[in-house]
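Heads up, there are several structures right after this.
Next come two complexes built around subunit A: one with subunit B, the other with subunit C.
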Partner chain A sequence: MTKPILIANDKGFAQSAVKQLGLYAVCTIMGLAVLMYLLSLAAGNTGGGSGISGINVDDNSITITLGQEPPQLDSGRATDAASSSVLAHAMEGLITYDQNNQLVPGVAERWEIREDGATFWIRDDAFWNDSRPVTAHDFVFAWERVVDPITASEYAFILYPIKNAEKINQGELPKETLGVHALSDQILEVEFEQPTPYFDKLVAFFTYYPIREDFFGSTNGRYGADADMLLYNGPYMVTEWVHGSSMLWEKNPYYWSEEKGFLDKIIVSYITTDVNTKINLFKDGQIADTSLVAPMLPQAMEQRWQIDRVMDGTVFFLEFNHREERITSNLNFRKAMSLAQDPNELVYKVLKEAAYLPAQSLFPVWVQGVSEQFRKEYPPREHKIDVLKAREYLELARQELGLDEFPPIVFLTGDTPISLLASEYYQQLYLENLGLEIRIDAQIFKQRLAKMTSGEFDVVMAGWAPDYFDALTFGDLFASWNLNNRGRYSNEEMDKMIRIAQSELDPLIRMDAMGAIQSIIEEDVVLIPMYERGVSFVVDPRLKGLIRRIVGADVDYNYAYIDVSED
Partner chain B sequence: MWLYTFKRLLQGVVTVWFIATATFIAMHNVPGDPLLNDRAMTPEIRANVEAKYGLDQPLATQYFIYLRNLAQGDFGISFTQENRQVNDIIREHFPVSAILGVLAVVFAAAGGVLWGALTAIYRNRLPDYIIMFFVILGISVPSFVVAALSQVSLVNLNSLFGTTVLPVAGWGTIFHMLVPAMVLGLGTMAYLTRLMRSSMLEIISSDFIRTAKSKGVPPARIFTKHQLRNAILPVVTVLGPAIAAITTGGFVVEIVFAVPGLGRFFVEAVQQLDYTVIMGTTVFYGAFLVFMVIVVDVLYGFIDPRMSMK
Partner chain C sequence: MQSLSSADFAPIPNSQEVHGISRPSLSYWQDAWIRLKANKRALMSLYIVIFLLLFTIVGPWIWRVSPAAQDLDQVSQPPGSPRVALIVDDYTPWFGEGNPLETGLRTFGDPTTQVVRLQWNALPGAAGHRIYRNLFPLGPERAYGIPIGEFFDNNTLFFEDRLDLKPQNYYYSVVALGQFGELLDSYELIEVDVKRVTTIAEALEQELVSHTSNFQIGDAIDMAWHPLGTDYLGRDMLARLMAGARVSLFIGIGAPFLFVLFGVMYGSIAGFLGGKIDQVMMRFADFVVALPFLLFMILFKIAFGVGPGESGVLPMLVALVILMWPATARLVRGQILLIREQGYISASQLLGAKTPYLILRHMIPNTLGVVLVTLTFAIPSAIFTEAFLSFIGMGVVPPTPSWGSMSNEGIKTMLTTPHELIFPAVIISITVLAFNLLGDGLRDALDARMRNQE
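Right after this comes the complex of A and B.
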């Protein structure tokens, strides 16, 4: 009789096998070390290169993050926040913003805005980083290029106040007919299509930045695609750009102003959208500042960080679909939906983002009126939740529409955590208060826009970020001709007021029109204000002068400097 | 053998063509298009942009233009990064993903074989239980959790030492790739451990091992030549697809550790409906996967002589 030998239980064999395995493990680890060394040599060519630390006092440099790779740095065609942020450090327009968001001279040392046009006097100490002066011709070239149909600039519309701009953009006139002329190297003359009292605020926008013709020609269509494919006239210049990975901004020695550009280097070392990664990097002292979202606040407080808050300028609202075939085109129905909700509850009990404000109007709290806050001069109507009255309106609407029962309301929204949270809140709220069934249609960015444009919704959770520091950036949103009026709201009185707001030179009459726009929106319940977005953020205490902005570059490091004097 | 390789390559080309066509059709059936943006474009501006990208052509024409360019290896220009060729995006960012991926696969394979063999030797004893516990964990915990947790641990580690021992995120040096590669390879390592364990156990109790033992072959030789070499075969089989999967599936790890790899572009392109980048990355990844499978099939013939007989 032979007994089967269980090899696995054979002690001597197991020991020998483990010894053998250990030997292989040691070899593997050594092999791995060699492999990693070789790979790191290879990786050296693929970019990266991180900063030494968030604040580097010896080098007078800081390390920061960008949320996204700038698609391009061509000011004439850029559309997004990342590009705008880099451009605001590397370029400068005729007029720019100071620390307190007030307009201050940029490349233009003074200017004059008249009914029929404007004149800008360009300073003689503004230079490109190749030491040649910035001239009026650089603006003429840049602006003609933006409206040229061949450029296909998405932001060309922001130049439409300039004479013939729209016609050129539509291919009806040659680009040379644009109402902008260089009277000399120093004097830039602009003709308006119609009076444009807010033109000074427009020229601060990046689409109005200068481009020098001879340099543009030398880039062979790759203008703004790489660090050396751009000419800089701002406080910093981009000297290295490893796509998707890192950037290096260095102080521009030819920049004219003493009040900007105190740092020798800004290292953009990490490009990532992940807020958790950023907070970890900040904790580790690798970056100079970061934004926080609500779930991180307790952790940040535990670290005893100084948490700052600021409005980012964007207003969010429920936009109704005013197309005739939709239930939401009924005024009483909209009134019912408005009365049954309370933005305070949404912000304080549901979203719980410390930096958010309940919205009261389409015009956010920071908008300026004639001489002080727009909100003080034209206070929005006070909103109170009134469920009983809301039900009355709903009943009225039901009769007017001749319905037995309301079909589900299609509620179009984005796929971000905040939009989902808010839409689920509304779903529950309207079911409880009005017995309305809400069908949430959550879509990713482009699909949501596609559905908004084609009108496949009853209510859409929409937001609007300002382009320039004037009430009109919100005020003209519901003009019947505005393509961003995706609910197709149309009202003659509204259109009339918007025309006044666009072209009236007297600030009082102009703001009165703005106030009237606000009243029409309230009367007609064009939308339901939700919240004004803000950000909580932390900055390394050694870094001073960092600015968060409503329009333009956010975060703005132009005025930032390192100060280690106080503890 | 050559005929076999040629046949497999031909099949691969057809597969890639199929992937390209399916992606093209699916992509154009998704509502929306790459030109939609926060600020609505006037019809005139839109027409200008459409003409620039050839989107004003009928879909069938676009498809044939696309195929023609594809045959020449040209994927076109990105919609969101207007000054960049899709070829450039792939050329600049795929090496990053590949480096991370190779390291992760090496981690996974080495770890999988070692742990698998160890658990088989110690079957149903304490080391086996401990390792298998971690294996189950590694298989079931998704990579975004592991990535985030390991990053937090790095922060704590660094603050414990008061200096940067290992960087929290970023790319460029040997230290930057260590943790991301381990996180990326973890799932595969766990899977390979299980595979190795079962294949090892099967070998251990087979007849030829007993024969070898009874013949008096030294235990070290039995272990290496007879057990490991035979048990490793199934691991090698899945290694090809695993390399492709790891190299292409690092999106989460790339985002968390701020690694400038291609995975990020792959996912963001879909969200942004960046047609050319979607097509470019999908076809590239598809071709890569197909190629790896073919390579493994061919290599298998060398490792296992029985294969080439067929």
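Right after this comes the complex of A and C.
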């Protein structure tokens, strides 16, 4: 009698359980849907108003990304590419570069460079964004501040061509003795320490940008730390800066030139180095331009993007540690390492980056010589991989060093995918070809720099980006006094040639000295050239006038404008 | 009604078989084994685990390919891709010589995976030229493909493409550049079918042939065989998976075994002794739980004197053992406390059982289930920890692979060459699943309480 009731109850129980579960499931799904909708609403509200689009024709604005956030925007103390990028839009020096990388008047309307100094005539329509004019005094103040040892600017050395700059920076003279004077509000007079024919290229660099004294004083040492802690004289000004997430650049109404600054707003809405993220954002039309990396190229081709390319000017090389206690101070050892590798294989088969060039010399292809490309006037020695010869040199080195076996070679490198890939390639290459064990020491940029400075490496994968448009920016790298000569290479002949290259006015003799520097580097195997870096990139077809530069801002939006006529 | 006869009241004859014992007497382990065998999933997992161990230990003796050797002619090849190649001469530079009478964009020599040589005539109005390579034919949007080279003068009218050439069809375009390097409208297009080739030197280096005399230029040979394909540096995936298994299983099995063993000892002592000692010991375990793992990992690495580029696997093992035991210790202590108060323990004690007997016969078999569950969960988590640490550069260093680091490398090219991620990821998943299912089965089989229930 009881059993049938139980079964009936079981059925009822099962039914109600299914019902209840079904109800739960429906409620959950609906709840989630509502939550998603609310979240997307909230996200839309925070993302710069009316949703983000790479090109906004109505607002005359674009959305872009920055690789890194600038630590601060003080032109006197900036060292990194991110600061350089922002400063190139927000500030302007005496001289600047046009669309075709030619020097054109900036704040100075004309200038004159002599053997003993230079004179700059400052235009009277150059204003700060508080409507007051930019004067020669602003430059005097900025430059004196850079060389002042209290400022501790890492780029102070770039002002050394100016009279007394080095001594002031070393604390031997007061900063007022710097060879720069404001003859009036409009005339800036510079005295040189030694003839500096390339001074016009130097003043385009951000360390030479002006700073106004009274504003600087009013910031209480927070100059450049925030959007309102900076005075702007460039085509754009930073009006909002949310640290760690976004920036807003707006057109500077007081800017003098009509050839720059066509956009009303540039929104820096993403700060990321992740190329995959950037490519996806570009695909969704959320940013105006992006760089591409090798694995993404097939996808870019499939999307039918118009891919462009540019050499970014940087040369990468394996720099040896020339300190005496290191094995790498042995010339035959360096020769062996150089002969056992082939940069073509590295670029074409390992890195596979379409815009990279296998490097042949410290001086990249774009460097100008006397009348044409430096590399055409002074062709670098042809490199050919020769493993047998390399082994001979290695044996010689072993005997000279009195070693039975080589200890592991410490290979200092960065933590980027490209540098890890290259170091893994070299590791196996040297094991196979020379039987050398390579220990890869991958470090973040700052740590790598610290280790490079203290000499904790045998070989370091280093890169050098040009500071100004002249062969000397590469040529003086291995001067015994240059602090960027991290391997502490020292050679009297090299120093002599660098001095000639720095001060000689006759371009022929000067370039001959550069050529000699190149031969010494080859002869002495100071380094192994790896590759010249280039970038493949895509830009939204509606955005015209975007420039990728070798010197200055990596991506330059100063001349950019929106053009919808074609589409 | 049936009637009874006297025969019905005769006594039953005596029989030898008084109580038939239906089953043979089984020891604890025999019984467990029988029950494990009945569990199909667990048995299958056991076979997988045995296979993995063979794969790790015996594999490298059978598949004798170095996990570090780079076959740069076959980079990122998926498994089963064709590998017939023609033999050609070594690469020699080319400076644009060719037939000057030909016009238009054209190739010079055979287009091969070694080099594609292009020549063209100056385009009208060009101050320079840029060369593009595309995987797709040119559409109306004029997307030429990847720019692979450019010349800002009008004299260079040839280009050698050596960039990552694959045996497939390419569409090359040459486009005129203006004075400042801007793109002009005129262009020429050519379709090129690239053939796979290799050189004598490379064939010898890869040991595809033993003697130079056996073959000549133009012969077809098979390139090195990679059953599971190659990674981004042309390294054999199978060899790397085997080598990676060593690290992953060493950490994945070694560390959990050690810390579970220690945890069991610690927990049973604390639980069995009880009282103040238990309190002190368990508070110490709480203290260890609070220690941050990553920080300790870094400290151990420094304390061990592990320099840059040296393997951090041993400090990783030590750090795992030192920091992971408290979870096991707590579980075991709880179990021991529970069992200690059970009636059958008191009965055993009343019947004269000594402490060792109590521990061996009652305590351990009854906690074994818990311990095995902990162990089987600890193995996958240790494998993941190893993968994570290798990713942030604290674990294995190149060229030593581990499954974790291989997955991390593979994820970068997930869309273009998925096999680089799939193989290590699948093998990690299978390993983790196998250990979990085996542990599940073992728990059922070893649980004393479930004995004879079937």
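Structure notes:
In this section, the second predicted complex is superposed on the first by the 515 of 567 C-alpha atoms of A that agree within 3 Å, B and C clash if a C-alpha of one lies under 4 Å from a C-alpha of the other, contacts with A are read in each partner's own complex, and residues count from 1 in each chain.
Just so we're on the same page, a residue touches a chain if its C-beta (ideal position, glycine included) is under 8 Å from a C-beta of that chain, and two chains touch if they have at least 3 such contacts.
Fair warning: this is a prediction, and the values are worked out from it, not measured in the lab.
Contacts of A:S480 after superposition: neither subunit B nor subunit C is touched. Of the two partner chains placed by the overlay, only subunit C lies in contact with A:Q99; subunit B stays clear of it. In the superposed model, A:T416 makes contact with neither subunit B nor subunit C. When the two complexes are overlaid, the chain among subunit B and subunit C that reaches more residues of subunit A is B. Of the two partner chains, subunit B is the only one touched by A:P71; subunit C is not. By the touch criterion defined above, A:L281 lies against subunit B but remains apart from subunit C after alignment on the C-alpha atoms of chain A. Within the superposed three-chain model, A:S218 lies out of touch with both subunit B and subunit C [touch as defined at top].
By the touch criterion stated above, A:D308 is placed in contact with subunit C alone, subunit B being left untouched. Contacts of A:P295 after superposition on the shared chain: subunit C is touched, whereas subunit B is not. Subunit A has no residue lying at the interface with subunit B in one structure and with subunit C in the other. For subunit A in complex with subunit B, the residues that touch the partner chain are 5, 7-8, 12-14, 16-21, 24-25, 28, 32, 35-37, 39-40, 42-50, 53, 65, 69, 71-72, 74, 77, 79, 149-157, 169-171, 222-225, 229, 242-246, 269-274, 276-277, 280-281, 283-286, 444-447, 449-451, 453, 465, 467, 483-484, 486. Per the touch definition, subunit A reaches subunit C in the complex via residues 99-100, 294-295, 297-302, 304-309, 344-345, 347-350, 352, 354-355, 408, 410-412, 415, 417, 420-421, 423-425, 427-429, 431-432, 438-443, 536.
Chain contact summary for the complex, subunit C toward subunit A: residues 68-70, 72-73, 75, 132-136, 139, 141-148, 150, 162-164, 180-181, 232-233, 307-310, 393, 397-399, 412-413, 415-416. Partner subunit A is touched in their complex by these residues of subunit B: 30-34, 36-42, 44-45, 48-49, 51-52, 78, 80-84, 89, 92-93, 95-96, 99, 102-103, 106-107, 110, 114, 117-118, 120-123, 148, 151-152, 154-155, 158-159, 164, 167-174, 176-178, 201, 204-205, 209-210, 213, 219-220, 222-224, 227, 255-258, 260, 264-265, 271-273.
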